[in-house]
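Below, subunit A partners subunit B and then partners subunit C, in two separate complexes.
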Partner chain A sequence: MPTLLMAVARRLMTMIVALFGATIIIFLILHLTGDPTTALLPDTATPSQIAAFRHANGFDRPIFVQYVEFLSHMVRGDFGQSLRYQSPALQVVLDRLPATAELMGISVLLTLLVSMPLAIFVAVRDNTAARALLRVTTVLGQGVPGFVLAILMIFVFSVQLHWLPSSGNRQFPQDLIMPSIVLASFTIPQVTRVLQTSLSEVLRSDYVRTARAKGLPPRSVYGKHALRNALIPFLTLLGVQVGVLLGGSVVTETIFGWPGIGQLMVQAISNRDYPVVQAGVAVVVVAFLVVNTLVDITYPWLDPRLRRAS
Partner chain B sequence: MKFRAVLFSVLATSAAVAAGCGGSSSSSSSPATASPAADTSPAAGGGGAAPATLNVAYDQDLTTGDPAMTGSPGDMNLLINVFDPLVQRDNAGKLQPSLATSWKLVKPTTWEFKLRSDVKFSDGEPFDAAAVKYSIERIIKNDKSPIQEIRSVKSVRVVDPTTVDMVTTSPDPLIPDKLALFAGMMVPPKYIEQHGESYFANHPVGTGPYTVSSWKRGSSFDLQANPDYWGTKPQVKAVDVRFITDSTTRVSSLLNHEVDLATAVPPTAAKQVQNTSGLALDASVGLRIYYVNISAKSGPLANPAVRQALSYATDTQALISKIMLSYATPIAGPLATTNFGHDAPIKPYTYDLAKAKALLAKAGFPKGFTVEFDTQPDIYQTLAQAVSQMWAQVGVKTKIKVLSPTGFDDKYSNGELPGAWNNGYTMWQGDPTTLIDTFFHSDRPREKYTTPALTKQIDSLQSDTDATSRQQTMFSVLGDLHENAPWLYLFQAKDLYGRSSDIKWTVPNMQLLRFNSVTG
Partner chain C sequence: MSTPAVTASAPVAVPSGRRELHGAARFARRHPVIAGEVVLIVLILLVSLAAPLLGFGDPNHGDLLQSVAKPGTSGHLLGTDVQGRDILTRVVFSIRTSVLISLAATVAALLLGLGLGLLAGTVRWLDTPIMRLVDIQMAFPALVLAIAVVAALGGASIVNVVVVLTVTGWVGYARVCRAMVLSLRNALFVDAARAAGATSTRIAWRHLAPNVLPTLVAMAVAQFPMLMIQEASLSYLGLGVPASTPTLGVMMQDGQQALFTAWWPCVEPAIVMAVLVLILTSLGDYASRALNRT
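Take a look at the complex of A and B:
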C-alpha cells in the first residue's frame, strides 16, 4: 500500500507542475494576442470608451501583474468572473463537465468493446484476412476526419432514416449514439493496433508456448497468460487517448450541439472569454492527469513484479 | 439519384460551413426562388392552430440574460422575448412606440419619454419611470458594460410615474434610435436589488411576452408565454430554443423535422429546404452589409481616382449571384436599405472595366500596382479572393493575408490593417451615423479617408436635431462617401429562415425573433 500512496503522491506533484505549466502557457498565448476589449465592445466604441473599459477590467496593467494576480486567485480555485456569462468562470466550466464526461465515458466503453475483441481476433487468427480487416478498420478510422463522419452519420441516420436526433442532449440514450461513435472513431484504430501488436508479441513468447505445450485450454492461455501481459501498453495508451478524446470532443460537441467543455472552449476562445478558457484548460489538464494516475495505479495490479519491485 | 442529390447538397452545405458563411447574421435569399417580398410581409403558412410548443434551432449561444451586459445582436434576437425596449423598430425600420408611448425633444439636450402605465414585470413589479431611470443609469454608471452608445446621457430624471427625461451632455438626435434595443431594454429594479446582478443574468425577468422556464447553458433556452403581457399576446404557449451553432446540423434538425424553425440557413442549403415537403424558406432583407476598405493614407489607395477605378473593376452582381447565390441586395453606400438615408440619390457603381482602366491610367497607374489585402476566414476570405481576381483584370495585384478572427479584430479596432481589407457590419441602429462616425471622422483610429468638411458634417449629424437639415447633411455625406469611394460597397446579405409550413409568422427584418408573431 505505501507503494500506491507514493505513486499517488508523485502523481500529485506532477499534476501541480503540469497545471502550473499549462496555465502559464495558455495565459501567455491568450494575452500576447491582445486583450478581450475589442471582442467585447461594439465597433463603434470611441478610443476614450475603449480606454475606460480596458481600465475598468484591468486589461491595461502589465501582463506580469495580471499573471501574478491570476495565479494568486487560481491557487484558491478562483479563475475570475466570465466576461460573457456573468458567472464565475470555473462554475461555467464545471457546469459543462458532466456532459463531456458522459460522452467520453461512453466513447471509452465503445473503444474497449470494439478494440479488445478485434485485437484478440486478429492476434489469435494471425492470417492475411484478419490483418486485412485490421488494416481496413485502421485506415478508415484514422483516414476519415471526425467531422466528415459526423455529417455523414447525421445525413444517413437523421435526415434519411429519421432514426436518431441530429443534435443536442435531450433524448437519452438516442442522442448519445452518433457523438460517441464519432468520438470513439478517433481512438479505436490506434488502441486496436497497439493491443493487437502487443498481444501478438506475447503469443509468440516462450511462456505461452510452454502453456500451450502443457495442454492448457486456449481460454486460459489467451485470457490468463497472454491478455493480462499485453494489457499494460494498452492501458497506457488508453490513458493517453483520453487527451485525444478531449481534443476530439471539441469537433464532436460543436457539430452535435453537445453542451460540453469542448463546445464551450470553442465559443470562449472566439468570444475571448479569457477566464473561461483558463478555467477550461485547468479542468481538462486535471482530468487528464487524474485518469493517467488511475492508469498508473493499475500497473502493479496487472504485473505482480511491479508490486515486488518496491 | 435522389439520394445522391441530397447527399451532395448536404456535403455542399458542410463545405460551405467549412469555407464560408461563418457567423450567423450573414445569410441571404434568392429573389428568383424564395420570397423576396418577405422583406416586410408575414410569410405564408398553414392555417392550423398554433403549435403547443415551438421548437427553434438557433445559430448562436445566448451568453447572458442581462441585456445591459452584452453587445451582441445575437443575444438581443432572443432576449426580445423576455424584455421590451422603450422604443421599437417595425419591419420597415421605422421607430414605433413600445414601453414608451411617445417621445420628444423638449430642450436641445433633453428627451422626454411618456410611458405606458399598464405594464408590469413578469414577477409582478410595476414598470414605471423609476424603472427606466434604474435601467439606463445601471449602464452609464457601469464601465464594464459593453453598451457604449448612450454614454452621452448624463442623467435620467423622473418627472412623474409615466414621464421621464433623459438629459444628454450635448444634443443627441439619435437617443430614441439607441433605445430601440440593448440600452433600451427595461429591467426590474427590485428584483435585481433583491437577488443580485449575477442571479439576474442567469434568471432574467422582464416585461416581455415570454418568461424563462429553463435555461441550460450551451444547450437550450425554454420560454413560457406571459399571460399578462401588455402587447400582442403569444399564441404559442411554450418555445424551446436549441443552440445549434453548426449550420449543417442546424439544417439537418429542420430536415429531420426536429424543429419548426431554423435561423441562419446558409444559401447553399436554401434549395434543399425549399424542396423538402412540409418545409418553407423565408428570406428577409437582413441588416448586415459587406464591404472592402480601399482607402489609405498613402500610396495608390490615397488617390480617389484609383478607388473609383477599383469600384468600377468589381463586379458586385457576380459576387451576389455566384457567392451569395442571389441572396443579397446591392448597396451604394455604407448603409442598409432600411436605414435613414437609404433614399439618398446615389447608385451602386456599375461594372465597367474600360472606365476602370482609364481612371487608373489617369491616376498614373496604367499598368496597375500591388496592394496588401487582409482578410479573415469564411465568407470574408471567399469575397477577398473573388474581388482580387476581378482587380487583376485591370492590373491591380493583391497580396492576400488571411488573419485569425481575433488577430483581424485587433488590427481592425486599432486601425492597423494595411491597404485593402474587407469586413461586414450589422446595421441594427437604423441610422448609419454611428458607423460613418466610426470610420470617417478625423478623431477615430480607424479613419483612412476624411476631409475637414466631412468631419464637420459628421459632427452635425450627431447633434443636429432638425429632421430636414439632418437629412440634407446625410445625403451630402453619403454623396461624398460614394464619390470618393473609401469603401467598395459590396452588398447587404439577406437572412434566411427555414420553417415548418405548418407555422405562420412575421419574417423578422431586424433579425429579432419575436415568438409572439408565430401563429398556426
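Take a look at the complex of A and C:
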C-alpha cells in the first residue's frame, strides 16, 4: 500500500507543477506584449488617461512583482472584474459552466453508445470487412472537421428540413441533438480505435483461449474476461478525450450559439475582455488536470497488476 | 511516389526517368485509391499555388450587382457571395493560404520538437525542464492553448497563426524524439562514434537525428491535415488570419450568416474543406501504416 500512496503523491506533484506552469501562461495572456494597458483601454484613450490607468493598476511595476500579485489573487479565485459584464470574471465563467457540462455529458454518452458496440463488433468479427468499416469510420471522423460537419448539418436539418433549431439552447431536447453529435464526432474515431485495438489484443491472449476451451459461453468470455481488461487503456483515453471535448466545445458552441464557456471565451477575445479570457482558460485547465489526475490515480484500483508494478 | 525497389526487376538499359514512371505505374496498380488521391491533391495544390498565373483575379473584388449569384451563373462557376465576390476564386486562394500556413507550421513544429527532443534525450540536466514544459503544455486542450496564445499575441495575423499552430504542435514530436533517442543512446553505432572521438553535438545531429527523422516525418504527414483543421477553426472563430485574407474558415463564417437565404457561400467551402482534409487524412493514415510495416 505505501508504494501506491507514493505513486499517488508523485502524480499529485506532477499536477501541481503543471498547474503552476499553466498560471504563468495564463498570466502571459495579458502580459506577453509587455504592457496590458493598450490591450485593456480603447484606442481613443488619451496619454494622460493611459498613464493614470497604468499606475492605478500597478502595470508600471516590475513584471515579476505583478506575477506574484496575480498569482495570489488567482489562488483566491479573483481574476478581476469583467470589462464587459461588470461582475467578477470568474463568476461570469462559472455561470456558463452548466451549459458546457450538459453538452459535454451528452457527448460522452453518445461517444460510448457508438464506440463500444462498434469496437466490440470489429474485434469479435475480426475480418477484413469489419476492419474496413472501422477504417472508414475513423478516417471519416478525423477527416471531416467538426465545424464542417456542423455547417452541413445545419444546412440539411435546419435550412432544408426545418427539423431542428440552428442555434441556441431554448428548445430542449431538440436544441441538444446537433451540437452533441458534432461534439461527439471529435471523440468517437479515436475512442473506437483504441478500444478495438486493446480488445483484439485481449481476445488473442492465453487466458481468453483457456476460458473458451473450458467451454464458457461467449457472453461470459467477452463480458467477464475480455471487456473488463480491455477497459483500462480505454479509461486513460477518456481522460485525454475530456481535453478534446473541451477544445471541441469552443468551436461547437460558437457555431450553434450554445451559451457555454467556449463561446464566452471566443467572444471575450473579440471584446478584449481579458479577465474573462484568463478566468475561462484557468477553469478549463483546472478541470482537465483534475480529471486526468483522477483517472491516473484510479486505475491502479481497477488493475491489480499496476498496483504491484508501481 | 516511386518505389526504388523496382530497379531490381526493371530491364537493364531503361533510362532512369522511365524506370521511375514504371515504378509509379506499378504503385498505382497496387494502390489505386492512394495513387488517385495523390494525383488529385497534387492537382489541387498546383492550381491553388499557380492561381495568379491561371487568370484568377483579385479574390476580394466584389460586384454588388452580382450579389449571391447562383452556382453555374456565367463567369461564376460556384456562384458569388453576399458581396458579389466570385466563390471559386476565393476558394482557390483560400486553399493556397491554408496550405502555406499549415505547411510552415508543420515544418516549424517538427524542427522545434526534433531540437528539444534531442536536447532532452542527450543533455541530462535539460531532460527534466523540457519534459515539465511538455507536461504544462499537455494541460491545455489544443484549441484552448491556441486561444490563450492568440490573446497573448494581441490579435490575428498570418505570422501569429503559424506561431500558434507551432506552439500547439511541437509536443508530440518532442516526446517521440526523446523516447527514440533514449533507446538509441546505447546503440553500437553511437558507441562507435563516441570511440572515434565524435562530440555530443555531432552524435546528436549526424547519428541520432537521421535515425529519428523518418518517424517524425511520418507523424508530420498525419499532423498536417489536423493543423489545416485547426487553422480553419481559428479563422472561423475570427482568431486566425485577418478577415481580408480569404481562407475556407473565413468564408464559412461569412456565409453562415446568410445560410437561410443562400446556401452556397457557406456550404461550398465546407465541402471543399471536407474533401481536402479527407484526402490528406487518408494519405496520412496510409503513411503511418506503411511506416509501421517496415
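A few notes on this one:
Keep in mind that, in the parts below, the second predicted complex is superposed on the first by the 247 of 310 C-alpha atoms of A that agree within 3 Å, B and C clash if a C-alpha of one lies under 4 Å from a C-alpha of the other, contacts with A are read in each partner's own complex, and residues count from 1 in each chain.
Throughout what follows, a residue touches a chain if its C-beta (ideal position, glycine included) is under 8 Å from a C-beta of that chain, and two chains touch if they have at least 3 such contacts.
Worth saying up front: this structure is predicted, and the values here are computed from it rather than measured.
In the superposed pair of complexes, A:A56 makes contact with subunit B only, with no contact to subunit C.
Applying the stated contact rule after C-alpha superposition, one finds that A:V159 touches each of subunit B and subunit C. Of the two partner chains, neither subunit B nor subunit C is touched by A:P117.
When both complexes are overlaid on chain A, the residue A:G77 reaches neither subunit B nor subunit C.
By the touch criterion defined above, A:L264 reaches subunit B but does not reach subunit C. Within the superposed three-chain model, A:P47 lies in touch with subunit B and out of touch with subunit C [touch as defined at top].
Of the two partner chains, subunit C is the only one touched by A:R135; subunit B is not.
In the superposition on chain A, A:P98 makes contact with neither subunit B nor subunit C. Using the contact criterion defined above for the overlaid structures, shared-chain residue A:G247 touches subunit C, although it does not reach subunit B.
Shared contact residues of subunit A, touching subunit B in one structure and subunit C in the other: 33, 39, 147, 151, 154-155, 159, 166, 254-255, 269-270.
Of all residues in subunit B, those touching subunit A in their complex are 3, 6-7, 10-11, 14, 18, 61, 63-66, 69-71, 143-144, 146-149, 151, 197-198, 201-202, 216-220, 242-246, 248-250, 252-253, 255-258, 405-407, 409-410, 412-414, 425, 434-435, 437-438, 443-445. Of all the residues in subunit A, the ones that touch subunit B in their complex are 33-34, 37-47, 49-50, 52-53, 55-57, 84-87, 92, 95-96, 99, 147, 151, 154-155, 158-160, 162, 165-170, 254-257, 259-260, 263-264, 267, 269-272. In the complex of the two chains, the subunit A residues touching subunit C come out as 14, 17-19, 21-22, 25-26, 28-30, 32-33, 39, 135, 139-140, 142-148, 151-152, 154-155, 159, 166, 243-244, 246-248, 250-251, 254-255, 265-266, 269-270, 274, 277, 281, 284-285, 288-289. Of all residues in subunit C, those touching subunit A in their complex are 132-133, 135-136, 138-145, 147-148, 150-154, 225-226, 229, 232-233, 236-239, 249, 252, 256, 259-260, 263, 266-267, 270-271, 273-274, 277-278, 280-282, 285.
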